[in-house]
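For reference, the structure I am asking about is given below.
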Amino acid sequence: MKYAWWPGCVARGATPELYMSTVAVLDKLGIEYEEMHDFSCTGAGVLQERNQKLGDTLNVRNFAIAEKLGLPIMTICSTCQGVMAQAHQRVLSNAGYLKEINQVLAEEGLEYRGTTVIKHLLWILVEELGVEGLKKHFTRDLSCLSVAPFYGCYLIRPSNALGLDKVPIRETSLEKVIEATGARVIDFAGKKACCGFPILLINQENSLKMVASHTGTAKDGGADAMVTPCPLCHLNLDGYQSKAAKKNRPDGHIDLPIIHLPQLVGLAMGIEPRMLGFQKHIVSAKDLLETYRAKAGAIAR
Amino acid sequence: MFEHDVLIIGAGLAGMRAAVEAVNRGANAAVITKVHPVRSHSNAAQGGINAALTDRGDDWTDHALETVRGSDYLADQDAVEVMCSEAGAALIELEHMGVVFSRDEHGKLGTRRFGGQKAARTFFVGAITGQAILHVLYEQLIKANVRVYEEWFVTSLIVEDGVCRGAVTLDIRTGELHTIRAKAVINCAGGAGRVYEPSTNALICTGDGYALAYRAGAPLMDMEMVQYHPTTLASNGVLISEAARGEGGYLLNSKGDRFMLRYAPEYKELASRDVVSRSEQTEINEGRGIDGTVLLDVRHLGRKVVEEKLGYLQEVAHDFMGIDLAEQPIPVRPGMHYMMGGIKTDINGATSVPGLYAAGEVANVSVHGGNRLGANSLLDTVVFGRRSALAAIEYGKSAGAGSRNEDLLASEKKRIQALLDRPKGLRSASVRRELAETMHSHVAVFRDQQGMERAAAKVKELKRAYGKVAVDDKGKVFNTDLIFALELRNVIDTAEAICASALTRKESRGAHYRVDMKKRDDANWLKHILVRQSAADGDPKIDTAPVTITRWQPVERKY
Amino acid sequence: MQATVRIRRFNPEQPANNGKFQEFKLDVPDSTTVLDALIKVREDVDGTLGVRCSCRASICGSCGMRVNGQAKLACKTKIADVSRHGEPITVEPMGNMPVVKDLITDMKVFWDKLRQVEPYLQPEGPAPKGEYIASDESMNHLVGVMNCIMCGACVSDCTVLAVDKNFIAPAALAKAYRFVADPRDSRTSQRLGVLNESGGVWDCVRCMYCVEVCPKGVAPMERIMKMRDLAMEAGYNNTPGARHTESFASSVKSDGLLNETKLAIDSTGIFNIPGQLAQAPVAVRALLRGKLPPLFGHKIKARKQIKRVFEKVEGQE
């Protein structure tokens, strides 16, 4: 199965480690992909709030490009996945609306017929490879680590647009991947809540409260790291964690490394941490890697 | 102790309409309600509100005639004239308040047809008309800054020297009892669906208003007139609005026949509710039903109409039966729905007890007589809610001060403490269920002497057993167990009045259909039946009152 | 079927068990709802259980509560749907509100926020003799929002309200939209102005919890988004939120992609020196780790196509 891979805007901007680790993992798993350089930003929900039809048109354009190539789309960002899924649901349930959008796209030589499948890498791993299939690629035992899952709103709501009712395994997909690596899952109340990124630049105080609440609770619950399938969540939970901690924690500290999904998977697969981009995090993953090294043998740097 | 000019019991459509009117006229009015106003059962009314808009060329006397016919000539025609002539203004008032009524292609208020009427004069909001109006009245309540005793329960009315002076109330949140004195009380406490099982009504419809008035000495009129709605879900009694038929839906028996063409050749599925319910029950009893139901079919209306006009019905059908109304017919059967009977009032809501007014379902003016037309209840509530407020304010000006004693409060405290202190006993829920199932078996669509006597005897037995009811919860904070036990007493009293009245009427009229006396007997029975409590907790005393006839001489009712 | 229901108890008069879950095992029909089960507990097993309920038909809004951690209307939730393999379900009171007893919460915060948005029609001038003229389309549009039964589920699970009590929250904002979108209301601009301020439409974090949990399809978040759009159209452009949206859109229009650095600068406001300086530490840290996107950043090759799509679709309105 070959995928039309859409890395998203942020993976090639503020979270280059996501891009790096994805490539490393896909290559090692032998998953074929073609990077979609012609795709536009999905709009992240922000564009949609200004003009939903505009956002939908841009996304349908992306779908049409992939459809022309006969490839399913792979996303590595909860937000991309969610925005695309919602757009897809809207156009598939309203033939007249799709027609109007296709009229605009016709001028660009594109037409969408409605057949593209859009899946997040997380779902591809759990549904296509399956937990057992994934385990076969794991060479490192991460059972000395405790990892907290953080899904990112757009990957789990609204549930009907994301097919959670039709494919129930998606609801616990992140925990399943963590378990497959051998690591202990740290369950905590905020795992399906919001990281605060959308209001970071609008109401930073509230945004930081959310960061502090989720990372703090997970840390207090024994997590060595938090894993997230969304780079926007990563930006907030990682980039603004120390500011959030200073403002909201009595001792001013949280220090919870936030890792991307492919970084967790890559680590378990034996890929070098340097190739997975851990050194690019704001909240250092150094302690995490040293904990692992101390408990489970040497890792080449 | 709290004091007001006007105390309104119940925050449904009638109660809130009265409150908004009273406050806007400068009265010190307050509302007491055992649930938050928007939880009132008015929100379950689905289909619409009737009004004849004269500037469209509609004729309110036509609406009035159909109402009188629908009532099987038991309605007081002066009251019907008041309601129907004021309907247009009442409707426009609601629209001005902001209700989002459906529109026609010119942007004017749109209509649908409803039961018992040839003309389409039912104004609606999808299939959520009750909720839509209730919420707008709540908005007006907020705007007028009306004082609301929210989640307070009235245990008894205060009557001193035959005059109503307020009520003793229980603050459900704290368990504390309080006296609220008022120059006038308007009883808008709604219906009594819980006297029957199943019923379309909410769990809160426990006949509180009837029982409070009954125990305060006010007569209840035509209590035997209990409306069974033709289209309710067999599984849980939930209502499927008449709007489904109003938009053109069919009723089918097991053979796929539109049987209403036989029973009501002219009005067909939109005959009056008692006629349709009896027709359905006959089909079922004669073996042409499907597991005790008939089928309601709206497929031919097309998906667009079903979604736009009957959206809430689709939700109900999907949630409770897994049915898509646009694709499949839905099994329905008659279910207890509404009380035409109630506290006797005049056209201004005054009862025979000075200081006590009533409006809405709990009242019986009488505009609905032996059977209520669909969409007339919403109209009834706003017209008479407003009128009683005006009358109550006027009365209050010369009402004089009552005493300020707390005697009733003290005795209520004792009564309630005794209930709480009872260590073991009967569970309220099982007593109610027994009573309600009995009422459904014997005082429902088809009645006979033996059945009604059986019901009356059961009610009497359970009334005695009430003294043995105990509660699990002995606390003060939000003790719903206690509230249910108090409500149970109201259910029993209401049932007693219904049975006494039903046994008295020796004819069939409207919803009161006796298989042993099938004919309507105007010569002997064109009159109202009044039930009064003879002494505190004594046996019911029966009286009659004449029916007011203005323009329409009673004739046989044919659909 | 056998259903196992774990209910979180709370009784201010008997605090020893507060916060503890009590388990009830019941034999019930397959189509039983959570509310059916709770009523059965209350009627037959434990009369002290506190739960608000009335209509059983998802129209009164009384029975909002959290089932398996998410707000739902109990009468509309089939046990079989939330317990696919017979596993126990947890039932708790709604969130973001103080608990009065068991599953009964104090909804004062809900009603107070509703009052805050002046939730009544405010038409202008003397009323016409008959009805206000309004299109069926406009009234039908409002029915979608009028479907709100004020159950509190959206407020219960709102992630912003959980960290900021000042937020007007989804239900009141959806109700505000109902008036903003009502052609008969004359205070649209003033309403949008107030909602544009602190605690209003720009504080929504777009987590979609309210859309997910609403039992009536009101989709409060979508109404909030629509009001953001209407606020910008009405000229309320000088908020970080409005600038954020504009910057995002212009970035995608010209480059086909989002430029995070530009977005951060624009949203804060170019002339907002203190604001810009406050961002510096994070920016520096990012720069040092090679993750600060250049200001004149990445563009996709097909950006002219994107620009054309923008112009075409925006031009249609």
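Order as written gives the chain letters A, B and C; numbering starts at 1 within each chain.
Quick note on the criterion: a contact is a pair of C-beta atoms (placed from the backbone, for glycine too) under 8 Å apart; a residue touches a chain by one contact, two chains touch by 3 or more.
Keep in mind that what you see is a predicted model, and the values were worked out from it rather than measured.
Novice: By the touch criterion stated at the start, how many steps lie between chain A and chain B on the shortest route?
Specialist: 2
Novice: Which chain lies at the heart of the structure, taking centres as C-alpha averages?
Specialist: C
Novice: List the centre-to-centre spacing of chain A and chain B in whole Å, with centres computed as mean CA coordinates.
Specialist: 55
Novice: So what's the Cα centroid distance for chain A and chain C, whole Å?
Specialist: The separation of the two C-alpha centroids amounts to 23 Å.
Novice: State, to the nearest whole Å, the distance from the C-alpha centre of chain B to the C-alpha centre of chain C.
Specialist: 35
Novice: Under the definition above, what is the set of chain C residues touching chain B in their complex?
Specialist: 11-14, 31, 42-44, 46-48, 50-62, 76, 100-101, 104, 107, 111, 114-115, 119-121, 123, 127, 129-136, 139-140, 142-143, 146-147, 149-150, 182, 184-185
Novice: Chain C touches which residues of chain B in the complex?
Specialist: Residue list for chain B touching chain C: 35-36, 38-41, 43-44, 53, 55, 92, 95-98, 100-110, 125-126, 128, 131-132, 135-136, 139-140, 142-143, 173, 202-204, 235-236, 238-239, 308, 311-312, 315-316, 319-320, 427, 429-430, 471-473, 475-478, 480-481, 484.
Novice: Applying the document's contact rule, which stretches of chain A touch chain C when the two form their complex?
Specialist: 9-10, 12-17, 37-41, 43-51, 53-54, 57-58, 61, 104-105, 107-108, 153-154, 157-159, 168, 189, 193-194, 196, 198-199, 201-203, 205-207, 209-210, 213, 235, 239-240, 243, 279-282
Novice: Chain A touches which residues of chain C in the complex?
Specialist: 69, 84, 159-160, 162-164, 167, 202-209, 211-212, 225, 228-229, 232, 239-241, 244-246, 248-249, 251-252, 256-261, 263-264, 267-268, 281-282, 285-286, 289-293, 297-298, 300-302, 305-306, 308-310, 312-314, 316-317
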